[in-house]
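The two complexes that follow have chain A in common; it is paired with chain B in the first and with chain C in the second.
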Partner chain A sequence: MGIDLAFDDHGVYSFAYLDEMTKRMIRRAILKAVAVPGYQVPFGSREMPLPPGWGTGGLQVTASLLGREDMLKVIDQGADDTTNAISIRRFFARVAGVATTERTGEATVIQTRHRIPERALTEDQIIVFQQPQPEPLRRFIPHEVVARKLHAFAQYGVMYVRLYEDISRLGHVAMSSDYPVIVNGRYLASPSPIPKFDNPKLHRSRALALFGAGRERRIHAIPPFTDVKSLDFVDHPFTVQHFESCCSLCGAQDSYLDEILLDDGGRRAFVCSDTAYCAEQRGERTKS
Partner chain B sequence: MRADMIPLAFRDPVHDSQSAFRRLLRALSRPGTPVSLPGPAEAPEPMGGPLAAIALTLADADCPIWLDPALSTERVRRYLHFHTNAPQLADPRAAAIALIGDAGWLPGLNGFHPGDAPYPDRSTTLILQLPALTGGSTVRLSGPGIETTTSLAPLGLPNWFWPAWHENAARYPLGVDIFLTDDRAVVGLPRSTNVEVP
Partner chain C sequence: MITSIKGGEAAIAASHRLLAKRRRGDPAIANLSVGQIREQLSLAVDRVMSEGSLYDPELAALAIKQAEGDLVEAIYLLRAFRTTLTRFGHAEPIDTAAMIVRRRIATTHKDVPGGQLLGPTYDYTHRMLDIALMGEAGHENLSDLTGEREAEDELENTAADADAVASALRRDCGVLARTDLVEPALSEAHGKVADITRAPVMFPSRRDERLQSLARGDEGFLMGLCYSTMRGYGRSHPFIAELRYGDATVVLTVPELDISVGIGAVRLTECQTVHLTSRDDSVPPRYTRGYGLVLGHGERKAISMAMLDRTLRSAELGETVAYPAQDDEFVLSHCDSVAASGLVQHLKLPHYVDFQAELQLLSQMRADYAKRRAEPGFKTADPATITETLGGD
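Here is the complex of A and B:
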């Protein structure tokens, strides 16, 4: 008689992988994060069956949110069909038995790495960001105690100096992703490495946004209808990327584009980074 | 049921507390809007279903709680001790969650922890049980989570409450967060919510 090693039965795991006490701890942290938008709440990050840097923070936040009725969508750089997105989607299908989808409109929880879907999110959706570095001051202030004091006093001059130095050297702010924002007029926050193209989508969004940083052990949040201001100067207002081309598959002119090299001769094309949006524009059926 | 037996909590602890948490998250990210919150199978008087559900969802050995005199009965204490194992403290400032059965007992909001400047999350969260979430005098709320403004008229808040809330919101990002409950629903009131008393 052999030993049954059938691990595809999600019954062998705690629901959504984490134990109940861990989920309660993360849930308490999420509620604090929502109450103080943009403030990074420390939490006891757990070891996950995925290396840090692959979305362990987002994974833990999602695990604490998910229920049996949820419909989960996972994207990596906008795409539903890349390795990271597929593994995380399969992980939750296995350990929580939740339904998954690629359609932005029908998801209740969307876990994302580095993009916000093009299709506007609704108030019944929660978007969970995988975030490598939640502390926008870390590049200048390696010392956690000092960074925390600057947040306590709302002293963000150092970030404005960074912007100013870019402008004086290059004529523009040379940050195209992870562009810092002020949330609810108080906390300087990092929106995770989304392109700055996506920053305006965070401003007064209808959906709740949660950011999980596993290695850095921080959770922060942007509730719906919250002011999110990308840092700028009066004479150098914040602007987003502008594309000369349109998507070569669906023709969309309003979406964030990825550049694809086609051959050794340097021919190139641009396609939508949001694969579900692109498929929708083409009238294609996406997988549910 | 025998008087010395501990009443039942959630029938399905994993999924009932998940569902309760999502309702709390919805309530806190949409301040002022009541969200229905089913209670556990049983809860000892005078705990209402939603208040009991919040305690069972959030409290555990790492989350000390404080009970106001109205809730501080032997049956409530044993129920919470058995089901959550949360330390029950005598000092409300040291508690992560304060369960309040009768707002009339409270002298104000200053007795609770507002958090520290570097760690505003170390504040007390109040669960305040009221006779009803409607039917009182109307106030207007605005802030994160609210598209323009929303009105709220909870019944049974003491007179000092809204002026005290105004002070609480004024020291943002410090301050306490509150969940108001009645016998069916919960309303979230994070410290980021501003109130206007007409």
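Here is the complex of A and C:
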């Protein structure tokens, strides 16, 4: 597309697109979110040049975090090369002029949709999640007013009842992604629609995790080294997905796998969803 | 002196002249041609054709011009024309498997047989005003794309390549080909298909009636309902198994001659969704389908349609019907923009008689109220307790 407004210091837009006052407002929301882990902080979400529901919450959080020295990585479904990840990465390269990378270890800020990288994150990194629905109770309680009261009193019985009903009806909990967690022993929170495979990575993670929900105008956070407990019962402990196969490209047995359909006759293969991890396992150099 | 307003006829004539003047705008600026609308506002044309239920880009462009860009008005113009057309037959079901695909995505897998084809889409544009378009439009050199398409067309004429494309893109490919996981599509031998333009929809509705109503339903209304099911009023988040945009041939079987002839091609958007469904205990948990098909390029509408097709099957699939989007009477009775716009705007009509009648009723109610109020022991309900009772938590 031939879209090319001027993006320099004298141009129409600020560094990283948002104006400085907006960034300050978002940073304040982030600070509050970090101070009260798992609590959904309302913020004045703005219209962004990408559609709501496509990562505008993450986009605004990232825009407020980025400095000129940052190294940004953007993934969608674990991969650096998916269209939306490319679009967001190009957006920040253009409006902030920051360096981008595909290597997980090199990035200082990682914006993600639906995955946490396989490689363990460090205290020098911030992971920003794009979150469609920050309210874990929404699936039972459409009304915001009621849900907020339940959070205030930490009344999470309705979620445990759902788990119990699943177990009694099906023998297991029928939630495979966006599996609810209790953060810091207090707030019930949504980890965004990551597969539950990734939930354990949030527990006492060295990296700060920020969740931006643009359409719903909420930010919540899991600070480094915070307890994150996936809901379960003593006699039905939380479990994660296991794969029968390994990655057909790198042979990894410890990564989350994507199914590839080879034909309509049912021939399938599996590959790592985390493309950077897969390349690393194969000893390939990814783009920096 | 009392005067009753007369002279409606002159007022209407003057109003129409004012419309014509506003439609033309500043005479110093070139008149907008129907051809320009057809070619350069093609998505507006597509929406008018889709909700107007008539595939004719030229007439849709004319309607847009005549309605000064008010698409709901343009849709009405096209519908009003459509109703005058003779029905000379029913086409065969369109074979979307044989579609000449301009865009095709599957979201369940990164790689699917037949491949992902991004095609023309605003999805990955950054929504920033393009100042360059303010100037002389059309300066961008796009000749490489034209060349590519001609080359492609040539390729399609060679039998081998055409077969490759055709075999890769069947009706049900990708996850839809997983017959073990996905419910089968209904066979075509399903009986006579309803025609909602000739016979009214009777509730509870049939699926063919629902699909026809949704296909001409208002994009904004359908999308809003669809959004409500995703946000919390109906827990629904399906996968788009297949989204295609391209050209499909319309085939008509001439009964007198008993031969099938292609009578033209229409540009279509087709969306197929899959929804995890486990309520019905007579079958194993599986994916059920939603189907959306609209004239022209209208992905927002096709997706909304597919999702509503599925939510409207809630009762059939043993789910509790609790939300507006699951209620066929609610959705189908209110999704038509022509009907909705008509009734909403009828409020502009004179209501002198009705208002006078209501005024009399009101004065009687007020007199009764004054009488009750004067009686000893009169109590008003406390508004706070009313809210509390309604809140219910």
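Note that the second predicted complex is superposed on the first by the 276 of 288 C-alpha atoms of A that agree within 3 Å, B and C clash if a C-alpha of one lies under 4 Å from a C-alpha of the other, contacts with A are read in each partner's own complex, and residues count from 1 in each chain.
To be clear about the criterion, contacts are C-beta pairs under 8 Å (C-beta built on N, C-alpha and C of every residue); 3 or more make two chains touch, one makes a residue touch a chain.
If you're wondering where the values come from, they're calculated on a predicted model, not measured in any experiment.
J.: A:Pro224 contacts which: chain B (first), chain C (second), both, neither?
T.: In the superposed model, A:Pro224 contacts chain B only, not chain C.
J.: Contacts for A:Gly266 in the overlay, against chain B (first) and chain C (second): which applies, first, second, both or neither?
T.: Second partner only, chain C.
J.: Would you check which partner chain A:Lys32 touches, where first means chain B only, second means chain C only, and both and neither mean what they say?
T.: In the superposed model, A:Lys32 contacts chain B only, not chain C.
J.: Answer with first, second, both or neither: which of chain B and chain C does A:Val158 touch in the superposed model?
T.: neither
J.: For A:Gly67, select first, second, both or neither according to whether it touches chain B, chain C, the two together, or no partner.
T.: first
J.: Quick one: is A:Lys149 in contact with chain B, with chain C, with both, or with neither? Answer first, second, both or neither.
T.: Once the two structures are laid over each other on A, A:Lys149 reaches both partners.
J.: When the two structures are overlaid on chain A, which partner does A:Arg186 contact: first (chain B), second (chain C), both, or neither?
T.: In the superposition, A:Arg186 touches chain B alone.
J.: Does chain B (first) or chain C (second) touch A:Phe91, or do both, or does neither?
T.: second
J.: Quick check on the output: what are the common chain A residues between the chain B footprint and the chain C footprint?
T.: Residues common to the chain A contacts of chain C and of chain B are 149, listed in rising order.
J.: So in the complex, which bits of chain A are touching chain C?
T.: Listed in rising order, the residues are 1-5, 48-51, 77, 79, 82-84, 86-87, 90-91, 94, 133, 138-139, 141-142, 146, 149, 170, 174, 258-264, 266.
J.: For the complex, which residues does chain C have touching chain A?
T.: Listed in rising order, the residues of chain C that touch chain A are 109-113, 118, 123-133, 140, 170, 172-175, 177-178, 231-233, 235, 278, 393.
J.: Which residues, counting only chain B, touch chain A once they are in their complex?
T.: 13-15, 17-19, 21-22, 24-25, 28-30, 57-58, 60-63, 96, 117-121, 123, 125, 143-147, 172-173, 177, 190-192
J.: For a test of understanding, state which residues of chain A touch chain B in their complex under the given definition.
T.: 14-15, 20-21, 23-25, 27-37, 39, 41-42, 64-68, 123, 126, 148-149, 151-153, 184, 186-187, 208, 221, 223-227
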